[in-house]
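Next up, some structures in C-alpha cells.
One chain, chain A, appears in both complexes that follow, with chain B as partner in the first and chain C in the second.
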Partner chain A sequence: MESLIGLFEKLLGDLGHADLAGTALPLAGAYAVCIGTLLGFITVYAMFAIWMERKVAAHMQIRYGPMETGGWHGWAQSVADALKLLFKEDIIPSGANKVMFWIAPAIVFCGVFAGFVAIPFAMGVQIADVNLGLFFIIAIASVEVVGVIMAGWASNSKYSLFGAVREAAQVVSYEVPAAVALLVPVLVVGSLRLGDFNAWQEQHGWLILHNPFAPVAALIYFIASLAGCKRAPFDLPEAESELVSGFHTEYSGMRFSFFFLEEYASMFVSSALVSTLFLGGWTLPFVNVSHMPPPVGAVVLLVKIFAMIFVQMWLRWTLPRLRVDQVMSMGYKYLLPWAFAAVVGTAIFETLGWRWLPL
Partner chain B sequence: MTGIRDYFGNIASALTTTVKGMGVTVRHMGRDAITVQYPHARLPIPPSYRGIHVLEQEKCIDCRLCAKACPVDCIEIESVHHGRVLEWQKFTIDYKKCIFCEFCIPPCPKDCIHMTAEYEAATEHPDSMIEDLLTWTGLRAEDKREIEASELKKAGKPAPPMPPGGKPGGPAPGTASSFGTQTATTAAPGSAAAPGGAPQRAPAAPAAAKPAAAAAAKPAAPAAAVKPEAGGVSPTGATPPAAPAPAPAKPPSAAGDMAAKIAAMKAKLGQKPGGS
Partner chain C sequence: MEALELYAVDDSREVYTEELKLNLGPQHPSTHGVLRVELKMDGEIITGARADIGYLHRCAEKIGENVSYLQFTPYTDRMDYLAACNNELAWSLTVEKLLGVEAPERAQWLRVIVCELNRIASHLIAFGTYGIDMGANTPFFYAFRERELILALLERPSGQRMLYNYVRPGGVAHDIDETWLDDVLRFCDHFEKMWAEYNTLLTHNRIFIGRTANIGVLPKEVAIAFGVTGPSLRASGVRWDLRRDVPYLWPYGELEFDVPVGEGTHGTLGDCWDRYWVRMREMMESIRIIRQACRRVPSGDFMDKNLIKIYKSPIKPGPGEAYLRTENPRGELGFYIVAAGGTSPLRCRARGPSFCNLSVLETLLPGCMIADGVAIIGSLDIVLGEVDR
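Up next is the complex of A and B:
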C-alpha cells in the first residue's frame, strides 16, 4: 500500500503535478488499484472455485460435471453462469424492505472483501500490514452476519427469515471456538500481525507441529470456519432441502451472485488463515522462500489455500447436513471446551518452553 | 460416568466416521464416470426396448388388427383395396396418445409392425407428433401393373396357370377363421424372409432413414411379399405352432438386435395360439 502511494506520488511528479502529491490523490489512486485488483482476483477465483466445486462434486459422485461450455472440461461454465447472472432481471419482492434488500448483499460481500486486505500473500505483498491483522479479519468477518440477517428480514419471506436466524445463531456460536482456537498460534508467536506468523514459521517450522495442542486448535478452527462459511455439513442457513435457499431465497441475478461470491470468498479467507497460522503461510520447510521473488511465496500460499478449499469441498460432498441442535451441541459442548483446553495446554507448553519439533 | 463415555465416544466416532467417509468419496474420485456424455455417447438400448414404430409396408395386408388392439386408439389406417392390391393412403400413429405398450405388435398376422430402439421423439410442435409410417402412398407402378394384369385376367382367360400363389383361398387371407393358421404359417417363412427385411431395419438408423430404407426395400419387396404367399399355399399349418419358434432363434448376423427382437416377437406370436 505504502509503495503504491509512493508510486502514485512519483507518477504525479512525472506528469508535472508534484503539488498534488501531498493531497489525497495518491492515496485514492492506490485504493482504486488495490480494490480493482482484489475485485478482479476474487471474481476470477470464485469462478474457478465454483467450477472446481462442481468438478469435485461430480467426480466424487462418479459423473463428469460440466463438460460442454468452453471446450476443455467445461472450463468456461462459470464464466457463462456469471454472464447469465449479470443479465438476469433483478427482482425485488413487493413486500420487501427495498433499501435493506438492496444493501444487504453489499454488506455481506464487504465483510469478506475487507478480510482480503490483511492477508499476506507473499513477502511484502499485502495491501495493509495491519498489526492486529488476525483480530481484524475475525472482527470484519462478523459483519457478514449483519448483512445476512438484513437479507433474511428484508426479503419478507419465511424461508429467508429462518435461514437468517439459523445463520445468526450458528455464526455467533462458532465464532467463539474459532477465535479461542486462534489464540493458540497467537500464544506461540506472540503477535497478531499476520506477517509475523510467516516470519516465525520460516524460522521454527510449521506451527501445527509445534506442540500437541496446535493440531487440535487447527482442526477446531477449520471446523468452526466451515460453519462460518455456511459450508456443508453446516449449511443450515441455506438448507436447500428445507428452506429452498435460506436467506437468499428471494434474491436473483446480480444480488444473488454477490451471496455466491461471498461464500467462496470467505472460504478463501478462512483457508488463507489456516494456511498462514498453522501451515506456514507462504513459507516452505527446508526452503528459504523469503529470499525468493514474491510470486514464489504467493504460489506456495495459493497451493496451500486451494488444498484447504479442496478439503472443504471434499467434506461437503462427504457429510450430510447436521441438525440445528447438533450444530449447537457441537459448537458449545465439543469445540469450545477443547479450544479452551488447547489454549491452556499451549500456555503451559510455552511457559515451560516445551515443543514437539526441535526446530 | 456413561455421560463421559458417551462424550468421548461421540468425539471418537465423529472423527473416525468422517475419515472413513472421506476415504469413500476420495476413492470414488479416482473411478471412471458411469454416466455418458449423452449426445456424443449413448448407452446401449436393450433389445426389448419399445420405441418408435416401423412398418414393413410391403408385408402389411391392411387387417387393422393393430389399430383394434391399441388401447388408446392412436393408430389410424386408411387404404383402398383393388382386389389384392392395396392403395395406401394413411397409416399414422399419434405419439401424443401412444403409450408404447406394444399391444399393436402381437396381433399382426404378417408380423409387419415393429417397435425400434429409437427414443428421440421430441418435436417442436404437437402436430409433428403424428407420424406416418408409410413409405409410399397411393399406387406404385408395379401395383398398377398388377391391377391391370388381374383385370385382363378377369376379362380374358378365366384361369391362367399363375404359379406363385395366384389365388390362395381367394380374397380372404386375413379373415378371423384363418388367423390361427396364418400366424403359424407366416412364422416359418418369416425367418426366411428376415434376410430381406432385416437390413433396412438396422437399429442404427430406424425412423430417420426411412425414405432411404424404403428405396432399398423396393427390390427386396417382391421377394419378401411372395414368400409368405407361397408359404400360405402349402398347408404347413398342420405343424405345431411351437415348432417354428426355435427356428428364428438364430437370426442373420447382419440384422443385429432388431432382428433378435423380431425373432423374439415371432416366438411369442407362435406360442400364443398354441397356448390358447
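Up next is the complex of A and C:
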C-alpha cells in the first residue's frame, strides 16, 4: 500500500502535478488499484474454485463433471454460469423488504472481501500490513452473519428465516472455539501481525510442529472454520434436503451469485489463515523463500491454500450433515474445552521454554 | 395413544416462541415426490404434523374398471414406479386367482428372479435417497451405478428400463435369452462386493448413526396398529414377511432365506437406523434368493398356452371376487378385484404399502426436529405414485 502511494506520488510528479501529491489523490489511486486487483483475483479464484468443486465432487461420485464448455475438461463452465447469472432477471419477491433484500448480498460479500486485505500473499505482497491483522480478519468475517440474517429476514420466507437463524446460532458459536484456537500461534509468536507469523516460521519451522498442542489447535480451527464457511458437514443454514436452500432460497441471478462467491471467498480466507498461522504461510522448510522473488512465495501459499480447500471439498462430498443440536453440542462440549486446553498447554510450554522438536 | 403421550410437548418451559406453520412440500427436495406435510413448528421442533396427499392422484383404480384385465398391468407399473415388477406380479396373481389358473413353472421362477432384482433396485434408491436426505450426496451415485446394471438386466427380456410390463396374468411376456441367467449370477457376485462399499460409505458413518439412531422410534404395537408393513414393520422387531409366511408364489416356499428384523443396534428398536439397516440386509437376502432361483429355472413354457389363445379376445372372468397380497419392497401390496363377467373388472382396488406406512408419519413427527422429520420421512421409504395412485 505504502509503495503504491509512493508510486502514484512519483507518477504525479512526473506528469508535472507535483502540487497534487500532498492531497488524497495518490491514496485514492492506490485504493482503486488494490480494490480492482482484489476483485479481479476473487472473481477468477471463485470461478476456478467452483469448477474445482464440481470436478472434485464428480470424481468422488464416479462421474466426470463438466466436460464440454470451453473444450479442455469444461474449464469455461464457471465463466458460462457466471454470464448466465449476470443476465438473469433480477427477481425480488413481492413480500420482501426490498432495501434489506437488496443490501444483504453486498454486506455478506464486503465482510469476506475485507478479509483479503490483510492476507500476506508473499514477502511484501500485502495490501494492508495491519498491526492486528489476525484480529482484523476474525472481526471483519463476523460482518457476514449480519448480511445473512438480513437476507433471511428480508426474503419473507419461512425457509429463509430458518436458515438465517441457524446461521446466526452456528457462526456465533463457532467463532468462540475458532478464536480461542488461534490464540495458540499468537502465544507462540507473540504478535497479531500476520507477516510476523511468516517471519517466525521461516526461522523456526512450521508452527503446527512447534508443540503438541498446535496440531490440536489447527484441527479445531479448521473444523470451526468449516462451520464458519457453512461447509458440509455444517451446511445447516442452507441444508438443501431440509430448508430447500436456506437463507438464499428467494435469491436468484447476480444476487445469488454473491452468496456463492462469498462462500468460496470465505473458504479462501480461512484456508489462508490455517496456512499462514500453522503451515508456514509462504515459507518452505529448508528453503529460504524470503530471498526469492515474491511470486515464489505467492505460489507456495496458493498451493497450501488449495490443498486446504481440497480437504474442505473432500469432506463435503463424503460426510452427512449434522443436526442443529449436534452442531451446537460439538462446538461447546468438544471444540471449546479442547481449544482452551490447547491454549493452556501452549502457555505452559512457552513459559517453561520447552521445544517439542529440535526446530 | 401411548406413543402420542410420549412425544407430548413439555409445557414446563419458560420460553415460548410463536408457533410457525411450515409447509414441507409438495415442492420440496426431500419429500420423495409430491407429498405435502403441514408442520407446526416451535423453533426447530415439530409440534404437530398433518400429511396432505393427493397431488399425484391419477385415478389408477378407476382406470382399472374401464380397461381390460391385461391392459391394466402397465398401469400397475406406474403406481410404485420403483418396483414395477412387484406390482405387476401382485396384479397378475390376483387375476390368475380369479381365473383359477396358474402360470407355468418356468414363468414362476422367472418371476421370482425379476421381482427380487427389482426389489434390490428399489432398495438401492431408498439407500441413495436416504443419503441425500442426510446431506451425503455421494452414496446416491454409487447406488445408481449398481441400479443401472439391474435395469440393463431387466431390459433384456422386457425391452423396458423402468416400467417393464413383463409379468402378466398367465406368465411372463417374453422368454429370457440364453446367457441371461449367467449374467444375473455374475451380477450377484459383483453386487456383494459393492454392498460392502456402501456400508463403509454411509452405514457405519458416525454422523449418519448420530442422525438416525433413536430417531423416529416406531414401537411394535404402534406399527401393527397403523398397518405398517414391509421393512418398516420388520425394523420394529416383527418377523413378518409374506414371502416366507404366506408364499404367494410357491417357489418362495422352496427357497432358503432369512427375514432380517431390526435389532436396535445403535439405539432403540424401530428407529430410523434400524429401518435403513433392514433394507440393506434385505438386498443381500434377495441376492441369496436370486442365486438359488437361477439354478432352478426349468425349461418349458413361459406363458400359459390356454391363456395365450384367450388373449386374442379379451378375458371375461365369471362373477366372483379375489384378493391377494404380495410382499412389495415397501410392504404388503394387495389387489382386490370384483368381476361381473365383463371384459373389465366391476371394482378394482389396491392396498398400497406406502399409503399405509405414510399414515404413521403424523404420530412419529411431533417432538422431533425438522432435520429428524426429513430423516423419518426418508426412512419410511414412500413412493408417492403409489400413495396417491
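Here is the rule we use: the second predicted complex is superposed on the first by the 359 of 359 C-alpha atoms of A that agree within 3 Å, B and C clash if a C-alpha of one lies under 4 Å from a C-alpha of the other, contacts with A are read in each partner's own complex, and residues count from 1 in each chain.
Quick note on the criterion: a contact is a pair of C-beta atoms (placed from the backbone, for glycine too) under 8 Å apart; a residue touches a chain by one contact, two chains touch by 3 or more.
Bear in mind the structure is a predicted one, so any value in this text is a computation, not a measurement.
Of the two partner chains, chain B is the only one touched by A:Y334; chain C is not.
When the two structures are aligned on the shared chain, A:F162 is found in touch with chain C, with no touch to chain B.
Of the two partners chain B and chain C, more residues of chain A are touched by C. By the document's definition of touching, neither partner reaches A:D90: not chain B, not chain C.
In the superposed model, A:W314 lies in contact with chain B only, and not with chain C.
Contacts of A:Q61 after superposition on the shared chain: both chain B and chain C are touched. Across the superposed pair, chain B and chain C both touch chain A at residues 60-63, 317-319.
Residues of chain A that touch chain B in their complex: 56, 58-64, 67, 314-315, 317-319, 333-334. The part of chain B that touches chain A in the complex is made up of residues 7, 10-11, 14, 18, 21-22, 24-26, 28-29, 31-35, 37.
Of all the residues in chain A, the ones that touch chain C in their complex are 57, 60-63, 158-159, 162, 232-233, 235, 239-244, 317-326. Those residues of chain C that touch chain A in the complex are listed here as 20, 22, 28-30, 44, 131-138, 140-142, 145, 202, 205, 207-208, 210-211, 369-372, 374.
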